[in-house]
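Consider the two complexes below, in which chain A is the common component and chain B and chain C are the respective partners.
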Partner chain A sequence: MDLWVLNLLNGISFGMVLFLLAAGLSLTLGVMGILNLAHGSLFMIGAFVGFFVFSGGGSFWVAALLAGAIAGLVGLVLEKAFLGRLHNLFDAQAMLLVGVVYILGNLGLWIFGPQNRLASPPLSLAFSVRIGNYTFPAYRLALILIGTIVFISLWWLLAKTRIGAIIRAGMDDREMTTGLGVNYGLISTAVFSLGAFTAGFAGAIALPMIGVAPSIAWDILLYSFIVVVVGGMGSMLGSLIGSLFIGLVDTFSRALFPDIATFTLYTVLVITLLVKPSGILGRKGILQDMERL
Partner chain B sequence: MRSIGSLVVFACVCLVLILSAPLMATHVEAAATSKPIRIGFLLTQTGYGAMGPWEEHGVRLAIDDAGGKIAGRSIELVAEDSATDPSVSLEKARKLVEKDKVDVLMGPVMGSCSPGVAVYAKEAGIPYIFNCQHSREVILSGGKYAFNPMGTTAWESYPIGRYVFEEMGARSINVIHDDFDQIVEIGTIAIEAFRRRGGKLVQRQRTPLGTVDYVPNVSVMKKADVVLMWFVPFNALRFTSQYFDAGRKMPLVMFGNPTLNEMDLPMVGDRAIGMIATAPVTCGIDIPPMKAFIDRWLKKYGHLTEKEGRYPRKHEGIFNYVAVQMYLEAVKATGGDPSADRIRDALLNIRVETPGGWVSFTPEGIGIGDIYVLKVVKEGDRLYWKDIHTYKQVARDIPPE
Partner chain C sequence: MSRGPGRRAVIGYLVSSAPYITGALAFVLSPLLLPTYLQSMLTKVLIFSIFAMSLNLLWGYTGLIVFGHAAFFGVAAYTNGILITRYGIESFWLAAPIAILITVLVAAAFGFIALQASGTYFSFITLALGLLVYSAASKWRSMTGGHDGLIGIPLPDLGLPWFTTWNATYFYFFVFLAFAVCFFLLYRLASSPFGYALQGIREDEPRMRSLGYNTWLHKYIAFVIAGLFAGIAGVLYSHLMRAVFLNFVGMLTSFLAVFITVIGGSGVIFGPVVGSIIIIFLEYFSSLYAPERWPLILGIVFVIVMLFLREGVSPYLVRVWKKVIPIWKP
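Let's look at the complex of A and B:
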């Protein structure tokens, strides 16, 4: 019983980290049709910023917000200076973003060195709770709470605010939205920066669990792609469900079938693409919309 | 008269040529010996396996310790970055040999990159010195001019299986490690060494390289006297932290090089105290040659920051030093002749005192040296790997028992 409870909690906490990571990617893809291959690099930037601010004596939570802000700024520059000039040129965008990943990775190596980093959780959460014969870090329980708060915030932004209505309208029919006088270009830039912010924030928040090294970008990007495909592009609830699903599948497959755990996530991905390519809660017609963009 | 005159002139010319021959030979020889000895080194500066500045520091220190010259010839280093990429490694190896005309090839350290380079070096007929342990098959694939002072990867793990049974008194082991060929092989050897002595394997888990969360694996670990583990550096850091976070108490033993180096240990904290590993050399070994080596390192690099490689915390720096040191001693033994056959003969006959103790080679080019069992200890604020047991002067290969 302890084993099931432990892995259930672990799967949910890991899923929340994936949600923090994938939420921004899902938004960017849903709003702008851009598959941000540099998303993992933004996660890496946030993680490094968070690590150095926190280990330098700063508050963990301030470090996480600062990490998000800096990643958001990098995202803003990326979108305005580069991606914005390649509107609708998806191949060129992809090539650009791959180049950005290598540049940011090597910059990270140059500035921060090749050393792997893993942070301790903040003192207030540096304890474990007993679950039968095991202990479970309180920080991982906090991740569940943090993920929930971020989800509610993003959901509220999209569902209950005027800006959110504009974003959703643009996702459904960009031409019409622009025709109504909305500066959707500005909205897109803001959404891209928000996506970058959440990636950077996720990087810092996940430090005590995942750590950071300059090479982390591609590894973490893969997880976020799987979540976005499974959960559905452009949907916050889809991202949450996808993240939790992937977190639990990954956790239990490693615990119960470690020898085939490598294939489990890819199996889920393939099945999703075959059965429901728009994802669990992806917007209907999103794939067609992306072709029209 | 005319024919006698021509004969005299011809005889004089011959005499001049004969008398000047030794001088010309000397000039040619001088030209050859004044050419520097060129060491081609494949470093790993970028990519996921980036080693940082310690690698190059080790190489340059070895050259400095030789005074920048060997057997009257200056030493020139031509270094390239392998980018942790097998195809880049091979491309750079070709460039070093065919364009830069190096006399010897060394590196890279990553196990995925060096096999191709070893085979190329064999085809090129150039001496090749590995700068890290590798499988026996890969070392031998480098041909008769390939040497590995650090020995085989199997060598690292066999003593641990033995140590855990004989010295730690363990009778059951739980094994967990990254899932790629080389590690699966050396894990199997450690298990075999343990089982041969009567120990029992209770469980073995092979985790994919991209794993970020080890708690699921930790949660299903069956009870044993000892956990034998090995992961690439980043994964080792994650696994160790998550293992202790989950409240597991079985002693952790790495069946090979400690991939948690001194800079990683503080991130695990005091929980790492007592961890065990094996290595041919690390900076924590308490022997005079290592102390002298550290002094020389600090003299050259002590003004740098930790990140810039002030202290030889990463053993790859020491491995590189040893690789260059062994080669330069061989060049010294040949009187400055870097030709492959002479270097091979020299390497097979020399015995060199390296920072990790005396090293020589088997007829197959596999290092013979000391094997250290290490343990994480804390002295003051410093957590480091300290040698606690030595297997003296063994061929760094699987024993024939």
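Let's look at the complex of A and C:
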């Protein structure tokens, strides 16, 4: 019984990290119409920055914010210097990002070596919380708290602000939104950088749980993609539900059937595609957009 | 009197097919002048040409971007290797067809799943399915040998009594023959009504649908055919390497095919061959001087190509050819 409760907590906290990743991926996809294949690489950059700031004696939270900022900066450069030059060439943008994944992955291998690096949770969170009969590590609870805060702020940004209204309008009909005089290029750049920021931030705060290695980029991308497919594109609530679902499924299958755990995710992906291709809460506009691509 | 236009037509035909004849002659004659290790490089070029041509059917002709094509290459290589080393089925005429058949079945299943979606979404699903095959190959150790790979695959046993000893040159010509057949078949396919329908889907799928084409079925059939040719390449590659390793199904192999197709020029029948020559020799030089940095070099080359040379190299070659020899209009 204890195992179940602990795995439940682990699954939810892993799901929250996935939410940080998937939210950025899903927003970028909705706004720019491209799947950011370099999302896992931005996670890796954030995790490396976080690891060296934190293990160099910096505060965990400063490390996480710095990781997010640097990943966001890389995202900004990527969007401005490379993707911007391939305006509306979605295939070429996707292909270019594949090249970027190989460049960043191999640079990471060159500079930091192949080993996986884990960090211990920060001292301020290195204790356990007793709830009823169970003790929970505070770090895991903090991840859940951070995920919830990010979810609420992103939801508020999208649902309650003027910028959010513009983003939603652009997801539904990009041409019309541009026609109304919105500088959609600026919005795209901002959203891409925001997505990169959340990916880098997630990389740093997940260090005690996932760690970082140069080979991590594809795995992270795969997880985030599956969450976006299951949750549905362009919806924050969908991403949250998808993340928690995948987090729990992955954690429990690793605990219950470790031999075949790798295949659980693929099974979920395939079943979703066959049964409900738009995901749990997908925006219809985006699916039509994807048809067009 | 009627001889004039007839002769001009023949000359025109010769001139228009001259690049193919020159290319074929270069491929036939060059191994005779090259040392053995370069011969096997050239064999690899041909195998990856088949592999990339199969991708090009989807990429260049149908407009379907596939990121996990190594799945079919790898399934065929593994099946062939397993049949030969674990089950002792040594005859090429038995092992290779079974391997290709199984690949076609896998392609039929994967195509059905992936074609539930379109666009970038489709691309990424093929990538996920490619990763699935990779995971399966690394876990199923009793069959695939896991990270150690499957070693001890001999050159193909053709069962010909008068032909018993292989050498690198013979194997090169064997692969060249397979390549020529695949090239011809894919060329015919691309210029058949089916091929034109695929190009119509690439240009405007809704319009093709309203013209009454079952576009989904066209894409699905193209996907399975591409799987078949990728399987042929996989079988040949397992014989060339005398082994099957995990990286045959790896992501880099998938993207190598993509890079070859794009750099060579997608949508042109010989584009993948040009791309294959460039990429395989680039890989070779990189392995001499900086083997660890190959993904970095490949990534940089690819980003540059995407920014400045999106059409690939082939259109430039065509332009140069047309400048050198004025076009004959029969």
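To be clear about the criterion, the second predicted complex is superposed on the first by the 276 of 293 C-alpha atoms of A that agree within 3 Å, B and C clash if a C-alpha of one lies under 4 Å from a C-alpha of the other, contacts with A are read in each partner's own complex, and residues count from 1 in each chain.
By definition in this document, a contact is a pair of C-beta atoms (placed from the backbone, for glycine too) under 8 Å apart; a residue touches a chain by one contact, two chains touch by 3 or more.
Worth saying up front: this structure is predicted, and the values here are computed from it rather than measured.
*Asks:* With both complexes overlaid on chain A, does A:Ile144 touch chain B (first), chain C (second), both or neither?
*Replies:* neither
*Asks:* With both complexes overlaid on chain A, does A:Ala190 touch chain B (first), chain C (second), both or neither?
*Replies:* neither
*Asks:* With both complexes superposed on chain A, which partner does A:Val182 reach: first (chain B), second (chain C), both or neither?
*Replies:* A:Val182 contacts neither chain B nor chain C.
*Asks:* State whether A:Leu35 touches chain B only (first), chain C only (second), both chains, or neither.
*Replies:* second
*Asks:* Report for A:Ile280: first if it touches chain B alone, second if chain C alone, otherwise both or neither.
*Replies:* In the superposed model, A:Ile280 contacts neither chain B nor chain C.
*Asks:* Using the superposition on chain A described above, determine whether A:Leu65 touches chain B (first), chain C (second), both, or neither.
*Replies:* After superposing on A, A:Leu65 lies clear of both chain B and chain C.
*Asks:* Check whether A:Leu118 is in contact with chain B, with chain C, with both or with neither, and answer first, second, both or neither.
*Replies:* first
*Asks:* According to the stated criteria, A:Leu222 is in contact with first (chain B), second (chain C), both, or neither; which is it?
*Replies:* Touch partners of A:Leu222: chain B and chain C.
*Asks:* Between chain B and chain C, whom does A:Leu73 touch in the aligned arrangement: first, second, both, or neither?
*Replies:* Neither: A:Leu73 stays clear of chain B and chain C.
*Asks:* Jot down the residues of chain A that show up as touching in both complexes, chain B in one and chain C in the other.
*Replies:* Correct list for chain A: 106, 109, 222, 259, 262.
*Asks:* Across the complex, what residues on chain C touch chain A?
*Replies:* Counting only chain C, the residues touching chain A are 65, 67, 113, 116-121, 123-125, 127-129, 131-132, 135-136, 139, 251-252, 255, 258, 262, 292-296, 298-303, 306-307, 310.
*Asks:* Under the touch definition given earlier, write down the residues of chain A that touch chain B in their complex.
*Replies:* Residue list for chain A touching chain B: 3, 6-7, 10, 14, 106, 109, 113-120, 128, 130, 133-137, 209-211, 213-216, 219-220, 222-223, 250-256, 258-259, 261-262.
*Asks:* Note which residues of chain B are touching chain A in the complex, please.
*Replies:* So the residues of chain B in touch with chain A come to 46-48, 50-52, 179, 205-208, 210-213, 215-217, 219-220, 233-234, 237-238, 241-242, 245-247, 263-264, 267-269, 307.
*Asks:* Could you please specify the touching residues of chain A with respect to chain C in the complex?
*Replies:* The touching residues are 29, 33-35, 37, 82, 85-86, 89-92, 94-96, 98-103, 105-107, 109-110, 218, 222, 225-226, 229, 259, 262-263, 266, 269-270, 273-274, 277, 290-293.
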